[in-house]
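The following blocks contain the structures, represented as structure tokens.
Presented sequentially are two complexes of chain A, the first with chain B as partner and the second with chain C.
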Partner chain A sequence: MKGYTIDLDLEKCISCGACMVACMDQKDIHPENGQKPFRTVFDLETNRDGITAYSHLSLACMHCVDAPCITACPSACIRKDEETNFTIFDTANCIGCHSCAMACPFGIPSFGEDGKMEKCDGCYVRVHHGMKPACVKACPVEALRLVELEGDKTILPERSLQESSKNILDQQV
Partner chain B sequence: MDSLNELIKGKIPCEETGIQIRHTLCAICSPANNCGIDAYVKDGRLIKVEGTQEHPKNHGFLCTKGQANRAFIYRKDRILTPLKRVGERGEGKFQAISWEEAYGEIAARLNGIKAEDGPEAVAFFGGYNKWYRPWLRRFAHSFGSMNYGTESSTCMTGGWIAWKLSSGRLSSPDMGNCDLFLGWAYNPYYSRYLNVKLAEECKGKGTKFIIVDPRITPAVEKLADLHLRPYPGTDGALALCMANILIQKGWIDQEYIDTYVHGFAEYAEYVKNFHGGNIEALTGVPYVQVEEACRMIHESRAMAINENSAPIPHHKNGVQNYRAIMALSAITGNYDRSGGQRPVKHTFTHQVSGFLTREDDFADGTEPKDARPAVGAERFPLWYHMEREMQVVDLSRQILEGTPYPVKAVFAMGMNMRMLPDVDEWEKALKKLDFFVDTDLFLTDTAKLADIVLPACSSFERGEFMTYAKGYAWYTNPVIDRVGDSKSDAEILKDLAWVMNLEDEPLKAGYEANIRDMVQDLDITVEQLRESDLPVHVPGSGQPPMGSYIQGGMDTPTGKFELYSELIAAHPEWGLDPLPTYCEPLNGGDPKEYPMILCSGGRLPHTLHSRLHPIPWLRSMRPDPMADISLEDAREHGLEAGQDMELYTKNGGIFVKANPTSRVPKGVVFFYHGYPEADVNRLLSREHVDPYSGFPAYNSTRCGIRALSGSADHRPGEKPMEKEEG
Partner chain C sequence: MRYGIVGFGTAGYHGVKEIRKYDPTGTIHVYGDTGMAPYNPMLTTYYAAGKLSYEGMFPFGTLEEMEKKYGFSYEKRPVKRVCAKERSIETDQGSAVYDKILIATGARAVDPAIQGLSAEDRFLMRTIFDGERLRKRVETGQVKYAVVIGASMVGIKVAELLNQQGIGTCLVDLADQIFPLSAYPDVAREIEGRVERQRVTLHFSTTIDHMERRDEGQTAVLTNGEEVPADIVVLCIGTRANVELMADAVEVKRGIVVNRRMETSAPGIYAAGDCCEGNDLESGQTQLIGLWANANHQGMTAGANMAGHFQEFQGNILHNITHFMNMDFIGFGDNRISGEILEHGDLQNGLYIRLVCQGGRIVGANILDHYRISGIIKNYMLRLFAGDRQEVPDYQRGMLVKAGIPETFMDKIAREING
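Let's turn to the complex of A and B:
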């Protein structure tokens, strides 16, 4: 399988939000108008039986290889970019039915003021031009990576968000 | 093939889109960073930023704050023209005027006050950014006033004073060569983010980390082999106890001490006061953990200690605590040794670059003889002795009280009164002035109090000289069109030097000519630097070999590392202690009424003072002013996450949201500063300061919290009502 995905090294992330700002800068997002970036960070702490654990997450479209949102869309708005494998979209025909959002195991698709779907497109045009997705470029601790689907594993499987998410996806599909 | 529309939406720099990448630097935080930026520019306007891959400072990275440069530069309240106040002070009513009119009025008023009350009646205040400091200092001097001061009256300089007392020179950790890093107040994940890479590399090759911090920060999660959690401001007691253990167990470098250290006998006697019988009560740290830390120091080959600008100095015992911590470097023989502390000299605007410029000659070249001592010189004599400038913490008092002499005008650049304790008093003081000028990018709450406001431009809109570590220098060129009629701070000072007819030809010659003078000893020219799109390596640069400073004699009265300061001993009238003695950090006040500790120093990754709060990209990450409190304290006060609460001290209260978290210890409230609607500096006293440095105790003030019921009456952001009970 050719192409890429964006992976997160769960050990390295610190929820600093640089990726979110980079996304807003790249995509001209205005949170003051109720818009949200296509990537969100979570700074989590869990307290169980007196033991506290801290974890960090930066979450956006996982660009699944068998993306359920593609088959779920009745208007055929969503497709794979051949060169990158990123799940991209043209919402000219979007009817705002939310089928994609219901199909997505990660709850990623969101809907703009016009009711049409929007989400991370992996900055696929940048990748076409030899650049990294904006969030990956921005990550100051190198937790977010642009990884080849069939290349060497640059993130250890037990630290990889993609790996740990596959189970979730397998269960659903 | 991507369509033109896709290229434009993707902001792809190419001929078809007309988007160009130009190199500049980020100046949102201090010149000690100033990371390289790829500015994506179209038609003179910034449309996106990235870190510059080839830049020797940041190698393509940017922090959360720097990533927001576009929103910073085009903040909605950018000032477009010079403004003259037409309403009451603070009302924010101004009319646009020309630069000529603004300069004319400033010159007439400042020269008028000088003629009537003397030059010292005008104070010159440098806030953010800091790049123009040498010019503002010289301007004040050429005007005839020693009253130049900056916001470094509350940042960095306190630690620097501790170093000057101890070893005569600022020193930084040689992390790359240590096998134990004593990370006192160390969290590079939120500030100085570029240090993360080195820290994680060191961790990977086996370097041990002790993190000393009341909070559980990402540095504790990712790096700590041992985490010590003293209560804020008790760091000195902890360090002195560590010294006691190290000395008792013989885990010190006696030969090094005998050769290079002064005052060891008195110090060794004093540290006996901090021991297993009292240290947990004093600091909250169990004695066994202190012993464990000492064992790790003993077993290490080389220990480097974190140098920090704010966390340790922001207490009333800050300088002394800082000295006590750095004394550990001396008694273990790690000062000026590989893997320990490296003595350094600043190259330019607090950058350590491995070569020297004539910056100080320029900045101090016109210091007035026989001028009256600066504001704060009486209250903070050590500060004035060391810094030869205002301790601005005392400026509001002097404006209001007029002693020892009146200050009637302030010429400020980028001043932010919200950084200073007792903001309400500052507002009164600034309103009392006969004349107040402020330059800034934004119409801040401070600028709104000014008579004349001048529009400054950002680093993207100007050219400037900058140096970087490992021998790099650069001279940037503007990369975008200026916003409105703004000018660079350096241009403003040059223009004013002409209009005010200061007798200072270099100042009138301007920034670039001055830089030429400053770099005249280097084998590189301004032209070469300007021509380069990236920082250039300066031939012959490099750090002196480790050990050369201690062997050559240090810049202290004894030439040694002074655990006992002979400078302080020579000035008994200052009332300060030559040894790094410890005192309890909290202010007076009834512990029953104010049972908790307010620490307003903890950093967040997306904030810098108040400058970034109005930026929606960043504000969206933590929209409400939130107090971090422990889960136990939340339970005790019946506070849920997001619930309205009051945070109060003797000085007053603010309404905020509760953020219960296991990251902070019981009894301590962490709250970030600079929110106009919930300004924590309203709760602090200008009397609760470090007598050595004048630094305010931002990190340790007695406080209390309470849940607010019926949140409709008490929304965060409103001024609190008079407290109804105790």
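Let's turn to the complex of A and C:
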């Protein structure tokens, strides 16, 4: 199987939240019990030098090829799924030290009631079975995509969240 | 190609892994003094607290598994000397010559003599054996009082675990505050208040002078004359890099000096992990940065270069996240440098951040109780140190807003940084 990641077309996202709801459904997340959704959706209005700009975003684990959280975890709970490249985890030995959170330049890892790390795992089991991750499937405007790491670019580089965040990731240790 | 690895902690392990990635056939000979797979010293307090199994301290599996996977041989023998000129490794069984040598001997806990303190009641916290010893002693149920010397990240974790066992715990430091190397004074005061409310007693600007045996039990007498009951004393006063085996011709300061490829001053000799000082992005000097992820990056970089693959590790800044006693303290950079202070939040109410800015960079940061923003802030600091002045992009900005950082605060940072 080829390596994948989940990318966002920054031009297409409308912050509708369908991806977040689909993720909560897929992963059985109940915010009313204090659980945090794995996907964060927001819109921002910024004004720089008199120019107003709007951005619509949906952010979850970026499944970085060279993921800083993997190197940072003291218990080696986080690893790459060899089939998909998704950054997956087994938190049996997670000590809740939050080192992965400090390593993540996207602010992704969060911790559940049991003190253990949780985050998006790319729905890697679905992908193993030829399905799309729940968020990708639910996106009504096809902004979220399951993309091959080595494949043709289905999202133009200047509109791709993965591409535009590369230099941020490169400088993280 | 013949590779010799001295010391098999995480830095040595990552070195081996990376050598194998680029050189599938070279001979790798690992020297270790434990006879074990690499364990994580950082997990020892969790093991001592009963929160982690013994196996849990070995993040990468067993020695047999890794010997098979990466094709190396392991010799349980402490290395006495590394001769840089001859590229030889010497043990009590003789010496062997290699093409490339990686020194990954880590660090050891500082262990000063204390008058009246018996070996049996004296504890350190660095090795797996230290963790086991403390756990066993606590499990006897005979420890009523403990004194922990050193209010550092290690000291506080030890104090936390003893306190959780119902042991009357006292934390002592020669500095006048908790986390003296990373916390700003008023952040330290807040943390101290919380620690005290959880029944750990604090004594600052003093240290242990000697122990006395009294009818009612043992007492630690502090240099300021105060006396505290102490069945055991745990010394957490820092570490020293294990560099004594470097016999000649390699530049050593507080650690073995390395460049961005983890090369020492002697050709063919590399160093990685807690035994070495690499580039500190903040000061531009070399510095010991004794942290897990740093040791991993350094080990990987050394291994790649040893196997002929050019790779650089740009360096790091001092950084720490400590989750203890129901709080998170995060410290970045050098807390001694002053500058323009930007603050948001309230020390008592769930989210506090202080950034100290100088010369278009964030030279230091403290965050209390919000781990989730820590990676983004660290990333911004690293970028500024690297000369990348691009503002926090919207996807990071949005995450900060969601975490409770107002946009007005971010605009303030941008103005301070970019003028």
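Methods note: the second predicted complex is superposed on the first by the 167 of 173 C-alpha atoms of A that agree within 3 Å, B and C clash if a C-alpha of one lies under 4 Å from a C-alpha of the other, contacts with A are read in each partner's own complex, and residues count from 1 in each chain.
What we mean here is this: a residue touches a chain if its C-beta (ideal position, glycine included) is under 8 Å from a C-beta of that chain, and two chains touch if they have at least 3 such contacts.
These numbers come from a predicted model, not from an experiment.
Colleague: Quick one: chain B and chain C on chain A, clash or fit?
Modeller: Chain B/chain C on chain A - fit side by side.
Colleague: Touching A:N167, do we find chain B (first), chain C (second), both, or neither?
Modeller: After superposition on chain A, A:N167 lies in contact with chain C alone.
Colleague: Figure out whether A:A103 sits in contact with chain B (first) or chain C (second), or with both, or with neither.
Modeller: The second partner, chain C, only.
Colleague: With both complexes overlaid on chain A, does A:D25 touch chain B (first), chain C (second), both or neither?
Modeller: first
Colleague: Rounded to the nearest angstrom, what is the minimum C-alpha distance from chain B to chain C in the superposition?
Modeller: 10
Colleague: On chain A, what residues does chain B touch that chain C touches as well?
Modeller: Of chain A, no residue contacts chain B in one complex and chain C in the other.
Colleague: So in the complex, the part of chain A that touches chain C is made up of which residues?
Modeller: Per the touch definition, chain A meets chain C at residues 40, 42, 44, 46, 48, 55, 57, 59, 68, 71-76, 92-93, 95-99, 101-111, 161, 164-165, 167-168, 171-173.
Colleague: Help me check something: in the complex, which residues belonging to chain A touch chain B?
Modeller: Answer in residue numbers: 11, 14-18, 20-22, 24-26, 29-32, 36, 41, 45, 47, 52, 54, 56, 123, 125-126, 128-129, 131, 134, 137-138, 140-142.
Colleague: Which bits of chain B are touching chain A when the two form their complex?
Modeller: Residues of chain B touching chain A: 2, 6-7, 9-12, 14, 48-51, 60-64, 67-68, 70-71, 189-190, 193-194, 196-197, 216, 218, 221-222, 605-606, 616-621, 631, 661-663.
Colleague: Hey, which residues of chain C end up touching chain A in the complex?
Modeller: So the residues of chain C touching chain A come out as 40, 42-43, 46, 51-53, 56, 59-60, 292-294, 296-297, 313-316, 319, 321, 323, 328, 330, 371-376, 378-379, 382-383, 386, 388, 390-391, 393-403, 407.
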